[in-house]
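Each in structure tokens, the structures are laid out below.
Okay, so chain A shows up in both of these, paired with chain B first and chain C after.
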Partner chain A sequence: MSDLQATLPAGPVRRPASAKRWLVRLAIAVLLLLPPVFSNDYVQYVVNLIVVYALVAVGFNVVLGYLGQLAFANAAFFGIGAYTCGISMVHLGLPFWAALVPTGIVSLAAGALVGLPALRLKGYYLAIVTLVLGELMRWSYIHGDVLTAGSSGLGIPPATAAGFTFGTEDEKYYLFLLVAAVMIWATNNIIRSRIGRSWVAIRENELATAALGMSPAVGKVTAFAWSGFVVGIAGALFAILIGRIAPESFNLHQLLLHFAIVMIGGLGSILGSILGAIVLTAAPEVLRNFPGMEEIVFSLLLIGVLLFMPRGLQGVLVGWFPRLRERLYRE
Partner chain B sequence: MFVQLILSGVAQGSIYALVALGMTALFRATTIVNFGHGEFFMGGAFVLYVMINVVGLPFLPGALLAIVVMFLVGMTIERVLIRPMGLAPHIALAMMTVAFSFLFRGIARAFWGREVLPMPAVFSFPPIDVAGVIITTQDLLITGMTLFFVVLFFIFFQRTNLGRIAQAASANPRGASLVGINVNLFHGTMWGVAAGLGAIAGILVAPITLLYPDMGALILIKAFAAMTLGGFGNLGGAVVGGLLIGILEQLSGGYLSTALIDIFAYLVIIAVLLIRPAGLFGIRESQRV
Partner chain C sequence: MFKTKYLACMLGLGAMLAGPAFAQAPGVTDDSIKIGIFGPMTGSAALFGKAVFGVEAVYKDVNDHGGINGRKIDIVREDTGCDPTRGTAAVKKLISQSQVFAINGGLCSGVVMAVKEEVAKAGVPFVIIGAASSAISDPMMPNLFHPVATTSNVAKTMIDFAMTREGTKKIAVVSHSDDWGKSNRDPAVDHLKEAYGLDPVLDLTMERGSSDATPQILKIRNADADFVVLMMYPAEVAIFLRDAYKYGLKVPVLAPQSISLKDTRERVGNDAAVENLYVFYPYAHPTDSPEMEKWGKLINKYYPDERVESFSYLGMSGALAVVEALKAAGPDLTRQKFMDALNDLRDFDSGISSAPITFTPEDHAGIKGGAMATLDDGKVTVMKKWQDK
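What follows is the complex of A and B.
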């Protein structure tokens, strides 16, 4: 009896972090803090954009990669977050950190609301409804001009906290890094929790999930809600970053960018989403002088990923460094 | 005013019906929902523009050539992008159609930039005045051509031998290939036909609308609305749904608010999918366990 007990681990195994692992973590943290030292304003702006899109992609990946549902409401969540934050700051006079509260609540609710039709609608139907929802939101930004200032766009005041103003790109970077790090860390933990595993189970086989006693309905609504929340917060950062949000910022083009980042980075991989954001956010800045090139490059990359590398960049990386495989796929 | 709105609604709805018919036929044949179908519509209009303004052809040969070009584009897509994916899950196939839709949009934008192109007017007959109701020639042409193609399409599918083969191949691809039907060729042809139907719709509206690379996105949603309203996958339903959407859109614009024209189709999609996902003529799907 006592022998048997000794062989059974009490709960999940937690390996003590070795000195080496702490060194690696420290190195990453230092690297993340460094960019403002070396960049000029424009480069820093692009780096900030990468942070925002990394967060967007992590949020989108929850629905697309982990829950495995084809839903196109992501640009809508992004816009809802940006506009809620903007409206709270402009019309309610809240500072940025306080505006994050209504932003979080509204985008969480928007996510859950989109999750509800997902209970009834499968596959294409869900894709169509969510696509329509994005366009509907864009229409309401244009026509709700009392709050949103219509097509001319809503000017966003700079973020402040305790008398300090995040005015320059460098200052915004540290703010964004903090918010994004917390959100990505939380997402990473949720995905490894019971609820996160039910998302993956639903992706693999919804009926079997239900048969195992996990509710697909709860799984879907929570996944959509969390996805909406993360993307909505990213929208708030986006509003702060560009200083003026217009309905056109949340069109199908925006959706393509999100979609391409997640797909090319790798479905169902947080590291992949971050990689995708790094690779693809810089691209539009390079290609902006050639109309249409951005779409051509992104779609060719997407086609390449769909045909030849189903796991995206993350899969390629794992192929090159087999040591990573264990680290990424381990529980 | 009521009759006038109905008439322009029918003309508008004919376009939706034509696009939705192509999408439904493709869906029935291959079980793929084509998110790139709007780009067939846009492609038809743009190729026609090139044929007339760059090559210098007259309208009719230009239009025929544009349809042929788009038919070949459709077949190429099937061969190069869809067939290699084999038995990939539906979501991956839908993603592929999203990818090529943006590819076409990008190509159009690369050539035309951010311009909005007017098409030279092709027909300039005076509008016909029937007891106070004004009918434009273009509307008549659109409605007439749509009717013609829809009837042609149904005769082909229901009455000809080739149509029966097509039905067999879409009902049971494996069985069809066992009795010697070339299912791959059939799928390729259906992609071609779908692209051709989309192109015809684009060609019909080209003379009365402005051309821009994003024109397909809007029509795609309208066609989705037509398909959902008529019952997803129902050929006749797609046509009826398209006409209904066109008419209701005009009526809501005329009597309620013009801003509603833009989102009427969106509201129809959401309402139908939430209340009765099978649409008007669809059969409720039951899940196989």
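What follows is the complex of A and C.
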């Protein structure tokens, strides 16, 4: 063994977290636990919705931002997750925690299935094929009365765990926070792993990725599968939050909202996904007393971001605080 | 020190004992009653939001005439955009932030279905403005009142109307395949089967956004249908009638209450093409009659720029029922007294709805029955049966 090899660490280099970093993390954790103390039922509902959409955007960003594929199956994954969770709870009598298992499996499988056309299609063609899936799923929810209760909507019982019912918005918040934190942490780790780097490599140059010995086919299917999984779990949280899921909740408007969250927050950025979810979920509520303003602000935000902030809100924030820069974010 | 503590204890005890006597119901003060209203004021279904102005005009008129038992109605309006997620936020805001006494809202069935449980938990009296799904009031919820012709009621009226024409055997149904279309189509097909033992001669779909109805028209012509039931949105109904006229199909066409005769005539741009159109009519009189015009003028008194359409009147009967129940509940207003008064409402004739409103503790679907309307020489004619034309 040479001297050089002897000095190299066996695995990836991990910087030891300083006391200051731990303090910052602790402060963030405490801040995240606080909202229910200061909010009423309405404000807490909006905060819970932000958590759900943050998770949706993180999942969508895997395909749109990290993998760089123009695919719009997100509303379909969201609906599949919500309905699988709802059907598991209502028809199979599973508690929420157990219902997350079939939800995860079905969403993951749906994601992998959508990933298959992505092996042969690109750009607008892939966009159209994935868009159709959303409409096809919506048709299935409407006409699958026996399982989905059709257009009347499927009533979802509250989540329970060890005899405890997450009935209020405050209780739901802590449940959602836990699930979202685990999912976002896992996504962040995957993105920094070999698999995640292969997604980014495919985005930058598919041929070069293959030349490096990484299979673009495997990369694409895993990215779609993980995206489906994360968004499906977000769909399950959405079902619990709303308490009744109906086909109209998973229409084109839902897809546009997801797309805008990712674009405004920042493509290929977890922080951006969260920022986008905060802005686009809170804005309609802030503008509630100004009829018509929501559409105008929504449009102006999208145009403004595309023209002046191509890296989204995350890019602006990173300009102010360079330490927030994520390694694999999209330039 | 002892004196201060003693005094504080006595005051506290006094407040506890006196509490119930001074307790006001949430949203009620000595001079106001806060009522929450929600509807789609923006978005693709904003047309339905016109009904909100009718409801508000009723309450503003009550205020201008001295209020109810010395209290003015304080209106708090929230927009839902016809989206269940936003609708849930709107209702939560009304209940937990605005702390309204009662809610008079809901024009989109999806939104109402999404917020039902929330309102049930909060125990806030909830009177629907115009959302028509039968599932809203069946099964019954003690604090939800539905003074609207439900989809079942509308479908039943349409089918019964068709069957009043002697020899009717073949009814073709054309509907959107979306959730709205299905929720309207299913009760019509079920009623046809249950009441008359018939299946539709044709059960077709025409998607939203379609610009051509030729395939459906040709099939209906080949089937020699006696009536066509359209469960579709205004734009597609207009396209169907345009193409029916083009192909010379002269079969009577029935449409639900979401279709306005005059609006359809304007869309088609051809009086002859709407000659065979019959729509479910939720009102007692034609909209251009003196009986209805006074309500239109009331809306314009408070909203001068508002263009009054048939949707504008949709929630006014319910709002008048709310006013009636608030009066009956008396000056010591509580939510329970208000709901009891609504439960006692029998054959309440507002002069607007085609049928009176009746609530009982067992049944909160307040409107039974209805009528159909057609254009006769350009004027709206209300009909109960085919022979009335």
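In this section, the second predicted complex is superposed on the first by the 301 of 331 C-alpha atoms of A that agree within 3 Å, B and C clash if a C-alpha of one lies under 4 Å from a C-alpha of the other, contacts with A are read in each partner's own complex, and residues count from 1 in each chain.
Criterion: a residue touches a chain if its C-beta (ideal position, glycine included) is under 8 Å from a C-beta of that chain, and two chains touch if they have at least 3 such contacts.
These numbers come from a predicted model, not from an experiment.
With the C-alpha superposition on chain A as described, chain C and chain B clash in the combined arrangement. Looking at the shared chain after the overlay, A:Ile242 reaches chain C, while chain B stays out of its contact range. Once chain A of one complex is fitted onto chain A of the other, the partner contacts of A:Leu252 are limited to chain B, with no touch recorded for chain C.
By the touch criterion stated above, A:Ala98 is placed in contact with neither chain B nor chain C. Using the contact criterion defined above for the overlaid structures, shared-chain residue A:Val46 touches chain C, although it does not reach chain B. With both structures placed on the common chain, the touch criterion links A:His143 to chain B and to chain C.
Using the contact criterion defined above for the overlaid structures, shared-chain residue A:Pro284 touches chain C, although it does not reach chain B. After overlaying the two complexes on the shared chain, residue contacts for A:Ser151 are found with chain C alone; chain B is out of touch. Of the two partner chains, both chain B and chain C are touched by A:Glu294. With chain A as the common frame, the single stretch of chain B that clashes into chain C is 112-120; none of the other options in 112-120, 148-156 or 274-282 do.
Annotation: chain A residues 139, 143, 291-292, 294-295 touch chain B in one complex and chain C in the other. Contacts from chain A toward chain C in the complex involve residues 40-43, 45-46, 49, 138-139, 142-143, 150-153, 155, 169, 242-244, 246-249, 253, 284-285, 288, 291-292, 294-295. Listed in rising order, the residues of chain B touching chain A in the complex are 33, 35, 81, 84-85, 90-92, 94-96, 98-103, 105-111, 113-114, 213-214, 217, 221, 224, 228, 232, 259, 262-263, 266-267, 269-270, 273-274, 277, 289. By the touch criterion stated above, chain C contacts chain A in their complex at residues 41-42, 78-79, 81, 83-86, 88-90, 92-93, 95-97, 110, 113-114, 116-118, 133, 135, 177-180, 182-183. Residues 68, 70, 117, 120-121, 123-125, 127-129, 131-133, 135-136, 139, 143, 207, 252, 256, 259, 263, 290-300, 302-303, 306-307, 310 of chain A are the ones that touch chain B when the two sit in their complex.
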